[in-house]
Amino acid sequence: MSVAVVMGSASDAPVMEGTSRCCGTSTCPTRSVSSRRTGHRRCPRFRPEGGGNGRKVLIAGAGGAAHLAGVLAAVTPLPVIGVPIAVGELGGLDSLLAMVQMPKGVPVATVAVNGAGNAGLLAVRILALADERLAGGSDRHRDEMAAKVRKADEEIQIRFST
Amino acid sequence: MSVAVVMGSASDAPVMEGTSRCCGTSTCPTRSVSSRRTGHRRCPRFRPEGGGNGRKVLIAGAGGAAHLAGVLAAVTPLPVIGVPIAVGELGGLDSLLAMVQMPKGVPVATVAVNGAGNAGLLAVRILALADERLAGGSDRHRDEMAAKVRKADEEIQIRFST
Amino acid sequence: MSVAVVMGSASDAPVMEGTSRCCGTSTCPTRSVSSRRTGHRRCPRFRPEGGGNGRKVLIAGAGGAAHLAGVLAAVTPLPVIGVPIAVGELGGLDSLLAMVQMPKGVPVATVAVNGAGNAGLLAVRILALADERLAGGSDRHRDEMAAKVRKADEEIQIRFST
Amino acid sequence: MSVAVVMGSASDAPVMEGTSRCCGTSTCPTRSVSSRRTGHRRCPRFRPEGGGNGRKVLIAGAGGAAHLAGVLAAVTPLPVIGVPIAVGELGGLDSLLAMVQMPKGVPVATVAVNGAGNAGLLAVRILALADERLAGGSDRHRDEMAAKVRKADEEIQIRFST
Amino acid sequence: MSVAVVMGSASDAPVMEGTSRCCGTSTCPTRSVSSRRTGHRRCPRFRPEGGGNGRKVLIAGAGGAAHLAGVLAAVTPLPVIGVPIAVGELGGLDSLLAMVQMPKGVPVATVAVNGAGNAGLLAVRILALADERLAGGSDRHRDEMAAKVRKADEEIQIRFST
Amino acid sequence: MSVAVVMGSASDAPVMEGTSRCCGTSTCPTRSVSSRRTGHRRCPRFRPEGGGNGRKVLIAGAGGAAHLAGVLAAVTPLPVIGVPIAVGELGGLDSLLAMVQMPKGVPVATVAVNGAGNAGLLAVRILALADERLAGGSDRHRDEMAAKVRKADEEIQIRFST
Amino acid sequence: MSVAVVMGSASDAPVMEGTSRCCGTSTCPTRSVSSRRTGHRRCPRFRPEGGGNGRKVLIAGAGGAAHLAGVLAAVTPLPVIGVPIAVGELGGLDSLLAMVQMPKGVPVATVAVNGAGNAGLLAVRILALADERLAGGSDRHRDEMAAKVRKADEEIQIRFST
Amino acid sequence: MSVAVVMGSASDAPVMEGTSRCCGTSTCPTRSVSSRRTGHRRCPRFRPEGGGNGRKVLIAGAGGAAHLAGVLAAVTPLPVIGVPIAVGELGGLDSLLAMVQMPKGVPVATVAVNGAGNAGLLAVRILALADERLAGGSDRHRDEMAAKVRKADEEIQIRFST
């Protein structure tokens, strides 16, 4: 049971690497498919059969007129998470609207512009519904984050009180 | 195993009813929590224990500076789906940005402005990962939709060819 | 030699009818394909072979996260004209950005929001490069339009001078 | 009687330091609370009892889907000033809308994007309603600012007249 | 001790009436000044002297290039709350930006587009810092609102469960 | 000495009639030129020679990709005032940006979206620099407006005090 | 007869220097008034009396919630040209809307964001209506610009043909 | 049979060079015309006569209030492709809207902001309708692109699997 990371272009890789860092202990085999430019022919048909190769959640990152997540959501019954990537001059507003404003029938779970990390955490939350160990990993991640916030808090208390 | 629909205000109900229509055969007990206005005190702590009362996926609809989904995502380890609702004069752009642009650590699976239907379908896709019958319901829904598209297609062929 | 009008949803038909009105004397057989919702399986592979059934220019209208034109531009070597259609609350800005901001390699000739008429006129300009009679029809259309402007001008002179 | 500065993340500190610089002679003890990421559990319940520890005005800075000010405004009866902080690619428009577009019943006094300085000055204006000395400090600040403007004016006269 | 409501134009009155409704039991004498169009000559110099006529908080509503709140904030040391009013075609985004993006030195406490009610509630929060009775009124208002939310909640439970 | 009102399309006339109403006592002969659609061939070359037919100030109203004012500013040395007209779905933001963002060398004096009245008042201010009588008319217009504001103010005082 | 350049803040000077460069041979004495921050008390009352010190056209540059041009247009009967200056994170969209969207009765002739050069050229066009020599200077400026374009054209022909 | 590249200003050349690179084997003689600033007098009347000098498709790049493509589309019956170029502070949104939102009767085939490469590819698709060899070149370009995508895909597989 795992996550597949797909991206619209090789240039999306630096942003999308944030996804696997946030998946914590879960394995995140990825696959880059520049689907738009090759006519979607190489776009894998992700099926929920499970097994060694079975993906459960798809994460798709793309920029500009970012169609990749919507195209995947139309060809698979699996949950698809979309990461709008900021490219060019419009600050990612184009990517965000092209990804989130899907018509009824084709849902894409969209996260923030360049929010690849949250895409990974969302995938873990989904998979943890059926896998107790992932839920434990997710809790550990939250505890570590809370500890970091406490430490940053103390440093700011010192900095602002001087 | 079920979905909880939460909304920021009673005025969000007409939009959010689209959610339960799209959940198809799955039961969708709902709970309205105007969390912002009552200091979050009545905001239920959704836990993934399951059981008769156990929610698995939360769907939160809210408008304007739409914080509800983000607040829920911070207090529960469950997947949270956000529905930005268009209220007032800015066309829902405020709701969309306030819901999707979450900081790292608190993922919200955002759908389109007023996209309550897709929120329901996304919840079913997530629950279907662990429940075969829901997967079947989801496939039936897709088949019905494809049939509708074929019918609309034929009507348009006639209309445009005259 | 002809134009194919494709649309993302049956609800786009009222806007897209403006296309065929503007194609003037050229025949415009149309085909509605709700490509996103049926997994692109029914999306015809438009080829430039010509012949009785040969399309030369594709016009695609869609709203929201409007992927249709981009998907067609990736699967066909023909020129694809995109008509962003305003649906929902964001005034078509989402449709426009999702259609025009295509990555390098997949060009979509985008016209104004709801600009189906200009999509038809653009198709005629393209086809007229190889067909003298269409060029003549295009000139006639411009002459008629100029006459209308002269008439409107005279009426405004009278209205503003009183 | 004092001001509390709260921020959504430690990375907001460089912007929020502008607040204490503008509070002039008033003491500004601060407290960083990354409230969203730790489930609001560590978010202090600011009460207006006064006394040595009593806060009178809260200033909350946050970026992206900036919920912090709204959450505080829901849990305290004190005036809450919000500073939208520009993070990421959308220039702070997301932070601004997520902070200012609050539903009726939960007011947030929002200042400009990254406008931490004005947040401090606004807090002093509010506190000066009950504390004559603060009013005097506020007047001194205005006099100093007017003097600076006169000086800048003279320099520009020279620069533009040459 | 009271609040003054100022508006940029008589056409702003229907929106600004929401302010006095939200001030609850506190008296809200108002004053309309169409300051921009008469060269600010009739704009009253609000001073914090108090007394029978003494205003403590100013609330300014204006639309379009909404300067009124900023102009008042420059001529008075009192806290100024700004209500951006949606007029014309741009949905109030122009009013919001023209009101909130003030330069350092002139703070305006901006609320949501057409958010006159929250402006009144914010004024009461500010005045309650020095007036115990207003604090009580504010608490009563919150209790009433919480009761309304509970009632709406019950109705939605019934509606969604059928 | 007079003003010419030009418009991009006959459908702009209802908005542009506001211009002549605001020119007060000055004569405003107008001329509608749908310049874009007829290749600019009928676009009159406005020259500053004066005389019975001599225009001094041009006012151009247009919607969408509103080029008319910029085209006139490039072919005449006269001051050109632009009125962006809201057409279609984008609220006039397209018209405003297409009119005001002119490159260096071709100035267009742009007023608000649909602000035809202010375009007329601006033209009178410009012409009044050389014509004392127009200055008098402009002062009278301001006095009438101030009287109206005083009257509206009194009505609002009564309305808000009850 | 001359032009006055006013700016909202000393930091606007680098942009506003573009104005005087574009006034060509006409003298442009300038005056910086940081009007908002000093309560408009030092804002000169520009009157159209003429004479050695008489300003005929005012040019006002300001950023953010850019009120300066509108305030001047309300206190003077002279034509006021506004230059929205991009400051902070929103790319000048805030300055543009705060300057151009003036209510009826107070016209501001707005140019592009940071378009100080065009403000100068527009002022010369206005003054040239009454001063033949300025008209000549304006024509010379256009001739020089046309020559530059021809030269750039030749260079590009060479560059693109290799 | 060829393509003409026209640009609004010499500063647009670096972006527009992307056009000729994407035209592949087709010859692309270019012509820079700063049409707005010289009153359109030097704007060549492109006619479809063909012959050695005959242009078939026009590509126009411009920034800001980008009128060039629309002006060309009004004076020629040929297909005009518009490239909005990002200049200044608004990220090209102004250029995009000023180019794409053309009124009915004057179609401009608009591509992405700074999308000069796709403009070239679109021109080749149009010309290939009548020229078999260009179709072959276009297919070769797609094959090369597909090969590049495969290579990038492999590299990402390695990078993400380590």
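Note that the chains take the letters A, B, C, D, E, F, G and H in the order they are written out, and that residue 1 is the start of every chain.
Note that a contact is a pair of C-beta atoms (placed from the backbone, for glycine too) under 8 Å apart; a residue touches a chain by one contact, two chains touch by 3 or more.
Computed from a prediction, not measured in an experiment: that's the story for all the values here.
Asks: Using the touch definition from the top, how many steps at minimum link subunit A to subunit G?
Replies: 2
Asks: More C-beta pairs touching across which pair, F-G or B-C?
Replies: F-G
Asks: Measure off the straight-line distance from the CA centroid of subunit C to the CA centroid of subunit G, and report it in whole Å.
Replies: Centres of subunit C and subunit G (C-alpha means) sit 41 Å apart.
Asks: Cα centroid separation between subunit A and subunit D, in whole Å?
Replies: Taking the average C-alpha coordinate of subunit A and of subunit D, the gap between them is 34 Å.
Asks: How many Å are there between the centre of subunit A and the centre of subunit F, using C-alpha atoms for each centre?
Replies: Taking the mean C-alpha position of each chain, the two centres sit 51 Å apart.
Asks: Could you list the positions in subunit E whose residues touch two or more of the other chains?
Replies: Only 9, 37-38, 64-65, 88, 90-91, 93, 100-102, 105-106, 108, 112-113, 145 qualify.
Asks: Okay, what are all the chain pairs that touch?
Replies: Contact pairs between chains: A-B, A-C, A-D, A-H, B-C, B-D, B-E, C-F, C-H, D-E, D-G, E-F, E-G, F-G, F-H, G-H.
Asks: Enumerate the contact residues on subunit F facing subunit C in the complex.
Replies: Going through subunit F, the ones touching subunit C are 5, 7, 9-10, 13, 17, 20, 28-34, 37-38, 42, 64-65, 88-91.
Asks: Where on subunit F is subunit H touching in the complex?
Replies: Residues 8-9, 35-40, 63-67, 70-71, 74-75, 88, 90, 93-95, 97-103, 105-106, 108.
Asks: Spell out the part of subunit B that touches subunit C in their complex, as residue ranges.
Replies: The contact residues of subunit B facing subunit C are 86, 91-93, 112-114, 145-146, 149-150, 152-153, 155-157, 159-161.
Asks: Considering only the defined contacts, which subunit G positions touch subunit F in the complex?
Replies: 22, 48, 56-57, 77-79, 81, 96, 100-102, 104-113, 115, 117-119, 121-122, 125-130, 135, 138-139, 142, 145
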